[in-house]
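Presented sequentially are two complexes of chain A, the first with chain B as partner and the second with chain C.
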Partner chain A sequence: MTPAEIRDEILDILEDISPDDDLDDLDDSKPFREQLELDSMDFLDIVMELRKRHRVRIPEEDYGNLASMSSTVSYLEPKMKDIEKA
Partner chain B sequence: MIAPNRSSQLPDEQRIVITGIGLTAPNGNDWKTFRQALLEGRSGVQPYEIRYFGKTLAGICDFDTQRYQSKKDVRRGTRAGSVGVYTANEAIMHSGVDWANVDKSRVGIYVGVTEHGNVETENEIYVIKGFDYDTSCWSHHHNPRTVANNPAGEIALNLGVTGPHYTIGAACAAGNAGLIQGAQMLRLDECDFAIAGGTSESIHTFGIFASFNSQNALAVHEDPTKASRPFDTARSGIVVAEGGCLYTLERLSDAKARGAEIYGELVGYAINTDATDFVLPNPERQAQCVELALRRAGLEANQIDIVSTHATGTNSGDAQECKALRSVFDHCPNVRINNTKSYIGHAMGAAGALELAGNLSSFKDRVIHPTINVDELDPECALNGLVINEPQEAQQVDYILNNSFGMLGINSVVIIGRI
Partner chain C sequence: MYDTIIIGAGMSGLAAGIRLAHFDQRVCILERHYTIGGLNSFYRMGGRDYDVGLHAMTNFARKGTKKGPLAKLIRQLRFRWEDFKLAEQNGSSIRFPDSSLDFDNDIAKLENEIAEKFPGQIDGFRSLCGSLLDYSDMDGDDPHFMRSAREVMRTHISDPLLIEMLLCPLMWYGNARENDMDFGQFCIMFRACYLEGFGRPFKGVRLILKNLVRKFRGLGGELKLRSGVSKIHVEEGRAAGVVLDDGTVIEGKRILSSAGNVETLRMCDDISNVEVARAGKLSFIESISVLDRMPKDIGFDRTIVFYNDSKTFRWQRPEDSLCDVRTGVICSPNNYIYDSEEGELPEGVIRITTLANHDRWCALPEDKYSAEKVIQYENAIQSAVRFMPDFRRHVIETDVFTPKTIRRFTWHDNGAVYGAPDKQLDGTTHLPNLFLCGTDQGFVGIVGAIVSGISMANRHCLQSAT
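On to the complex of A and B.
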């Protein structure tokens, strides 16, 4: 997956877990929590969905990398570069 | 004038009244619509299909889940939680209480449930099956969704209630048990405003259908609306339903002080246990429960105007309840007996509370809705006063007695008086 495809995948997950939020104006450089109604259970949903959809495992000590869209994509790029977009 | 009961001799601070009704049933999402459906003989049973079990019938609710919850809260919670949130908000609105200024630390939430957690556990097992049973794919939401207090807790979260909240697990007697718990907590001064009744999400677990089917107790009929047929010779079992009914309960003194409309007073109640079988009912113990409720209310059997039966449409259960009722009410020519499951199926933890709500309007309109789908009355169920297929009018309705029984031999009875 390319960085753009990873971003689309994260957006798709966010649409599921935060259905009341408008994601059109998401600023990739700002933390999710400043823009969306997300709590710790929601971040676990992101981790869980990546595990279920792509078998990507994110250890707890790396959770801080999921703070914003840009940090998430950067973190996932090496883990998902060999995964084909479905 | 209503005939006196023991409760009417208590100070107003000890008298518990119903001031609001919120419900969702398979044939109505508010009290008035539900009542209208009962008077028009409108069933809420539909064709239904569920994972593994396949095609069957169920009582399905279509309330607007997003009227009081965000999409995210619906997704995060349970169906029983959504039913609870909807019915609690509806009850509060119906009560007319100035909710913004109610002390939320003095509100108690008491929700009867038959079972809770089966839906979510089945879902998670289904999900991890797709991952070769890798438990690392088991949702972190599973525990908060399946703790036994979940439906009551979701209501508390939604309403900002900081007083006590919990569920009352009482099999299919739970709707009455929730109501009784609310009244007791008001009398004990544990709260000043109780939200009490029952909820059911049971149609979303295949296990309940499979288990009733294995027990030869699941209804089948080519016409879904005729599948739930208590007292009929061709009854074939239970139609599982979802639903909920929560009441706002207050002390009479508080209700009067705020000028609340009062829909009835809890004048008597009883819960007892068969202690004879896991599943089969015990009519002797059921009759004792009814008599205990009457005694506590200070009423004679012939002072009851409507008996709302528990009967679920099983061969044995209906006949046994009729045996119990015959022993208490056979000498009472004016008592009318009906059944609400014939319209909506068996709403499990919500059944007792919903069926009571279906009858409460009779205090005002003095009409008794019938048991429908009785084409050929089973002689074993031919009770004096059974209202069949057509509504009946009464000169006056002062007291309603509501039966609700459950597995493991739990029996519950509430008596509501007109006020």
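On to the complex of A and C.
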């Protein structure tokens, strides 16, 4: 997956977790927490959805990399580059 | 071999099952009863639908709300707000002799009532509201969590009557401890009842349960009814699986039990002695009266009335009698603001709940038991009509359930409705792969039980399971 495809995938997961949030105005450089009402349970869901959909495993000590869209995409890029977009 | 075996198909077990099945675990929910729901169930009798447990769903929130337990469970279980379709309450009341407070889903109503009826206490009430713990402090670690709620209230409010009145609904809707309340539990219930409020789906608790089951099965989860667990088999310090009442052996990597703390430990075949005294003691008798007209037509529009017939509210098991009707809860499922497209419920219903002693009910011989149900029904209503219009001549059908009924269908010790007073908030047991959810783990009520199932599934069955 390209970084743009990974970004789309994260948006799709966020849409799934929180369908009522408006994601169009999401600022990639700002933390999710400041823009969306995500709590620790929701962050666990991002991790779990990535595992469910793409078998990507994220160890707990790496959760901090999921703070914003841009940090998430750069963290996931090496892990997901060999995954074909469905 | 299942990834997770869940004991009990109540709100917490079903919610946990959805989380695990959603993330591709092989999950099986085992339920001894022939139907789902546990402490919040439903039945049909004489052509009528009845709810057990649900008076109101606490923690009301409007569609799109981001914070709070209801929003959390909708997100975590991937429901839509429409799946619950909660109608708001008309309004509820706390009625004591010579004093009454109304409240609804806007805290301003209760504030105004207090300002009017207890003018010297309104500042204290506001400072109490300001001192409430947040939901994020509810894991039990906060130093104030285990404090006495009465003690904390007294630092804000000097009129003992107002303290009793405010405690009455909160204890009725979610306090397993007699006479006092843990401050943490007080905060949970204060938010749930006064700050968020009451709602009800038009079709009652069955709508919620059916949605939970449909989702669970749709994700590939297995639900086995009439499949009571008689034993949890322990091998080398780990739960290896369960043995059903009919002898069937089912293996699992881990077990999540909503059967209750003491009840679960008793099933473990490595434990020979369980201290039953730790189980909860508070149980209820509830009567359902079907009326020949709507409650509003006899001048009763309240959703819930919490009454107490003296200045002191006694929240304890009646020791010397079958029931204690000095305090009770009156509720009418008709008195919600339902959508016009849903119309009205087919018949008027009044439900009355009072405190009851499980052991005394269970000790009655069968003929005496039936006779006492009639007597205690009449006593409860006689007590309640002091706080609402007398509806007795409009009753066309009644049903009563007792602590014995609750015990018979939930297998909870003492017919305890809110579980043990001392919660096992982290959900752990003496075995590394056996966990608790439901009333003995943490939150109570419908929303609380669902949140309990979700959080224990996340913590013990998803996060750590790699």
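Assume the second predicted complex is superposed on the first by the 86 of 86 C-alpha atoms of A that agree within 3 Å, B and C clash if a C-alpha of one lies under 4 Å from a C-alpha of the other, contacts with A are read in each partner's own complex, and residues count from 1 in each chain.
Here is the rule we use: a contact is a pair of C-beta atoms (placed from the backbone, for glycine too) under 8 Å apart; a residue touches a chain by one contact, two chains touch by 3 or more.
Here the structure is a predicted model, which is why all the values come from computation and not from measurement.
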Greater chain A contact set [chain C / chain B]: C
First (chain B), second (chain C), both or neither touched by A:61: neither
Which superposed partner A:51 touches (first chain B, second chain C, both, neither): both
First, second, both or neither for A:84, with chain B first and chain C second: neither
Which superposed partner A:24 touches (first chain B, second chain C, both, neither): neither
Chain B versus chain C as contact partner of A:41, first or second or both or neither: both
Where chain A meets both chain C and chain B, residue numbers: 16-20, 37, 41, 44-45, 48, 51-52, 57
Residues of chain A defined as touching chain C within the complex: 16-21, 37, 39, 41-42, 44-45, 48, 51-52, 57, 60
Residues of chain C touching chain A in the complex: 22-24, 63-64, 66-67, 71-72, 75-76, 78, 80-81, 136, 454-455, 458, 462-463, 466
For the chain A and chain B complex, residues of the former touching the latter: 16-20, 37, 41, 44-45, 48, 51-52, 57
Complex contact set, residues of chain B against chain A: 70-72, 75-76, 127, 131, 136-137, 139-141
